[in-house]
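What follows is a pair of complexes built around subunit A, which joins subunit B in one and subunit C in the other.
So, the complex of A and B:
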């Protein structure tokens, strides 16, 4: 469900870039040498990467759409409410809409057209789908990275028994096939919570949990490895000798040195989860109330020939978002990597 | 007969009716012109024709031998076993009864009227009942053979009939409903495998086989068309479950290979003698049935018109492709009534008649069909009575005075009369099958209709076949429900196979729990009436039940859309069972 890596393009772009802000960089006062932290350097490199900036804009745009989805629906005058399809749908014409695309002109009341069969508004569902997608991906990433970083730090720094136990769990979760687990969990949740009034919310949280549960291992492994090498360095040894409490060593000494790998893995985890959410919904797991791009695509495959727009709308959303997030992630990695070039 | 397609089942949970008049009242069954105005025939009534007793079956003009036919069954897992005594599904019975397994009687298409009729099969006639229908005698035809070349003996026929009483060996067979109810000692005799005892209710006398009944059973000739009422090898040779994998064929085709839910291949049975069979033909070399075919893929094959599609039949058409198929396939798209009615079944002791009537008016029939991927007026037709069209004695009445259609305002009035209003709404608790997106969309439309009429609705998503919930009295979800559903097809064109199965107190598929002792008594009384009065009596009872108690909401009569390739000859639907008529097919030679 993940996209193939697209980093080479970004890399090439980066390496052609003129040096700026480096030690020799002039511009601010004559000859003055301004000290910059690695993060500052990375940021400035990032801001000069045109692809990265464009991707950032796209991602921010989607984030805004997700946050203000309800307001946008009101603005366009569309809703996700169930409507009566009689009169809006061609009964003998394969369930295609009688208004708007594909057979009629643009309908200002339904800018994205209406869905075949049910006549629900495509724009409203697209916005709701964006909201679902962003919310689930963001929260799952947050949970997975917090869990992953914490366990990685603990395992790497404590070593011994703790390391072995945590490593066992990392390996254990890595061996469980994700799709199989999702397939098993979905019916159990529905069975247990189906009768609850807030079932759709429960469904979303389940999805977040499932995604996070199977997403934290890679980051935990990465952090553990980094910590293993860091903890033998002089500054950590010094902190220990000085009698610093463990928590302080972890948070104050180790964590700041891990910002780069964390940022990189988070930025690459997001698009994976966006795609995973859509993929699961496409399979009928996860969100089932239709407010998901994956579900719209699953519905739209039947209409691929007769009403392609219905398929392209959610597809465009997913592709744009996933590509933007991936490119952005790559750009961040390149920017943070001191080896790429200076 | 319950539908075997899971889709159809869940559709039973949710598919409903519209009430515009329409449906078509006559016209050619496979309607000529390929445009939107095509008219669809109401189902023809199925009649008995004892005169068509001698083989071979009528010659089909231009029919040629040879060729291989492939049948795609989209979204239909097919039978899990080929055991004749276990067969009680539209898919399995339609294939086996037409091609591999012979029984006492059979359905065949009358080439002149175009309708299906009941004609003799292994028996020389349609059976001779005694005065009060408590004894039926059938005479086994001469010269009928098993696929291994051995003669079929009357003893084997009698043994096959006694097998249907073995409810432990064949728990979901049709014998549990009919043999055990009507045959002598049906409730006490446990069957040849479970009890090990021979059955005394079937007597063999020369080539005559006499079946004794516990109570009058005038429909024995219809029941004899089930493959369950056919011969079986004596002793352990036909012991379940092994026999179900490759039962001995008696019809024009035998089983080459069978993989449940995937594929069934039939090849010519050389031992079948056309002279002994008044109904079947043996033109193609083989039949291949592909179960669980991908719907979109199947439609694409048919619509492509390429070489591979020429000898292909599909038993289902995605409504998305309806218009395209209508214009491109023309005559090669065939609509067939399937003798099935879909119902919503309000839980009887939790609702009043007024509430049930309000529910009937609050269902947005047409909208839910559309959302559920049906073609209103084509694959779903508005229903007024419990008995589907094509059934003898089907009454024409409107239980609510006028054709039932979506009318939330009137539903609200009815609810107000029952003392329900906005502050105190009636709560509908129902289930829907969540894994199927179409079922979810149908449910959305149902909920919308009910809410517009002022009901408080709780729709619970379930992951299992809704019947697993509805039929399980101990299920916690089931106990909460105030609205269930059922989807029923007739086993033969008599009200006997519809009304008691759905409305008798304690019947398995009486999901709403309707119970009215007076009605139960009337059902028993109808069996005692002279045969020719029974059809109308069932019709009258249908109307009486719906006008006095209105326990069940008929939402739709169901039709199927079949499509076939250019080289399939003589394709018609089988109105008796709601499947393609496999008996008369041939492959047009190039």
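So, the complex of A and C:
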């Protein structure tokens, strides 16, 4: 390697992405630096972690279920359409289904059974619930991370008044309890949009907004702290001296060095949002059209003694997904942290 | 120290004002027809446009928002008379309006339900520490052993499960499937009325909160204990020949408790405003359940009051934590 004397620090960033071209052009030659980027090292550590791989498989499986929920419904021949419960439900004897579980064995037309009372298909609603859960969690995570990273970068890099204002809002939103905010907004949304035909869609977007609104602070604070230390480093100072525009410094110099904290935050945000969505729907503050695991669980509590399967189906969905996401997040954090050795 | 306290108090006061403004604005601009729920209720769902206009006018929604906000804040401080659709009611301070559903002052109802929520919150928070800290210390002292690893991974999985599912399953199994005597009859009975029933009715919610919450405390206690036990003064204490128990509890625990005190303050605040799941699952008539039912009824004054109350409790708890923390650790107030 015949490189000009570049500090090891710059080397570390070079391998990440060719950000510091530098006047000597040391980083331009492709393949001239043999070595692994921190991300590559983390990835290989992650793939050697059996628990993490298992969790990853579970998460990917759920993601596929969510994406192909409609196709899966067709495959199994089930729909979320309302059905006439006559003949399917024992209307005098507590509303339990006359076909399939819990009392009449397995019904191939309804692999998960049918819901007591309404006779709607459990599998179809389970798939729709998976879709709701994943979609809301993913979008809320996306919005919260974009907002959090942007504000964190701004606060950390600009400093002064901007930093003070953003920091105030971080502290402010950390003080307001999320559950209370969701509770406050729910009746207002229902008053305003309750009669509209696309109310379920509005409910979902409200949820995404509320979750993102109360989820961006942790990542913003993390990024701010990182930027505060990074901006005093030599490579940023050099970029500034060279006259690089601020936006370019933020996006090309700082952002690549923040990949690790962002990835960790995102991976820990997802399970929180999945749990929060189901929790709000359980309380009746989230999705109310039945296509949410939380709402199914809320309905199923009354039938638990006679029809426990009805409750266990969505419960298993949430627990599997949330635990897998949480453990995966922990594994990712450990893999990216050079201090831990597993 | 005094200057720091004053500074924090002033900042806290401004946050309270800001929160009250946000909540007021939310309930002002949020609903399309803010007078509709009350009008619907009082005309038994036959609220004509003319009637609605009467309600809108008398509830002040035609006036500018700032003057109504000032009226609202004045009501909280000094009380006021509220006239809605020709009916005047005296609302003593602190006035948060009247509940649509019961026509009683919101503050009175809130006060009635506060003891239930406080009972749940304090009992649960006490168990957090009683269960969590000793287990954490035990794990820290056996660091690296099989016991430690088993404890840590069990708690990692347990704390990954959403709390409400844990509480719900606990409730379903204990009260419906197994019908454990003594635990099954959950609910709130005032302490002054029957202390035994009070404890019996709240035991299960406390356990649910305590077991679940203690997982976090175990983790924190373990972490800060490991840190404390690796300090030089611990080695010195050991070298002096002090008994292990003295070293761990007198020297180690004291340092390890500082971060735990901080989390505890925040958690207590969160519990005071956030026992909604616990109250809903175990059917305890506290503030959380009240607010939840008010959401269903679109009882806007109740929701508004709980939101404001919750925010103030949170701010006060944060403030207390900061003050306690700065008393414990002088570096904080100097930074």
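Just so we're on the same page, the second predicted complex is superposed on the first by the 307 of 342 C-alpha atoms of A that agree within 3 Å, B and C clash if a C-alpha of one lies under 4 Å from a C-alpha of the other, contacts with A are read in each partner's own complex, and residues count from 1 in each chain.
By our rule, contacts are C-beta pairs under 8 Å (C-beta built on N, C-alpha and C of every residue); 3 or more make two chains touch, one makes a residue touch a chain.
Quick caveat: nothing in here was measured; it's all calculated off a predicted structure.
Asks: Using the superposition on subunit A, decide if subunit B and subunit C clash or fit.
Replies: clash
Asks: Just to be sure I read the superposition right, which of the two partners does A:323 touch: subunit B = first, subunit C = second, or both, or neither?
Replies: second
Asks: May I ask you to decide whether A:284 touches subunit B, subunit C, both, or neither, giving the answer as first, second, both or neither?
Replies: both
Asks: Where does A:150 make contact in the superposed view: on subunit B (first), on subunit C (second), on both, or on neither?
Replies: Once the two structures are laid over each other on A, A:150 reaches no partner at all.
Asks: Answer with first, second, both or neither: which of subunit B and subunit C does A:167 touch in the superposed model?
Replies: Touch status of A:167: no partner.
Asks: In the superposed arrangement, which partner chain does A:295 touch: subunit B (first), subunit C (second), both, or neither?
Replies: first
Asks: Which partner does A:209 contact after superposing on A: first (subunit B), second (subunit C), both, neither?
Replies: neither
Asks: Regarding the shared-chain residue A:79, is it in contact with subunit B (first), subunit C (second), both, or neither?
Replies: A:79 sits against neither subunit B nor subunit C.
Asks: Considering only touches as defined above, state whether A:190 meets subunit B (first), subunit C (second), both or neither.
Replies: both
Asks: Return first, second, both or neither, reflecting whether A:257 touches subunit B, subunit C, both chains, or no partner chain.
Replies: Neither partner.
Asks: Tell me which of 8-16, 44-52, 152-160 or 170-178 in subunit C produces the clash with subunit B after alignment on chain A.
Replies: Stretch flagged for C-alpha clashes with subunit B: 44-52.
Asks: Which residues would you name on subunit A as touching subunit B in one complex and subunit C in the other?
Replies: In subunit A, positions 186-187, 190-191, 284, 301 sit in both the subunit B and subunit C interfaces.
Asks: Can you check the complex and tell me which residues of subunit C touch subunit A?
Replies: The touching residues are 15, 18-19, 23, 26-27, 30-34, 36-37, 156-157, 160-162, 164-165, 168-169, 172, 176-177, 270, 273-274, 276-277, 280, 291-292, 294-296, 298-300, 303-304, 306-307, 310-311, 314-315, 318.
Asks: Please output the residues of subunit B touching subunit A within their complex, sorted ascending.
Replies: For this pair, the touching residues of subunit B are 36, 296, 318-324, 326, 364, 366-367, 370-373, 375-378, 434-437, 440-441, 444-445, 447-448, 458, 460-463, 477, 480.
Asks: Which bits of subunit A are touching subunit B when the two form their complex?
Replies: 82-86, 89, 91-95, 116-118, 186-187, 190-191, 194-195, 197, 199, 284, 288-290, 295, 298-299, 301-303, 306
Asks: So in the complex, which bits of subunit A are touching subunit C?
Replies: 172, 175-177, 179-181, 183-192, 271, 275, 278-279, 282-285, 297, 301, 304-305, 311, 315, 318-319, 322-323, 326-327, 330
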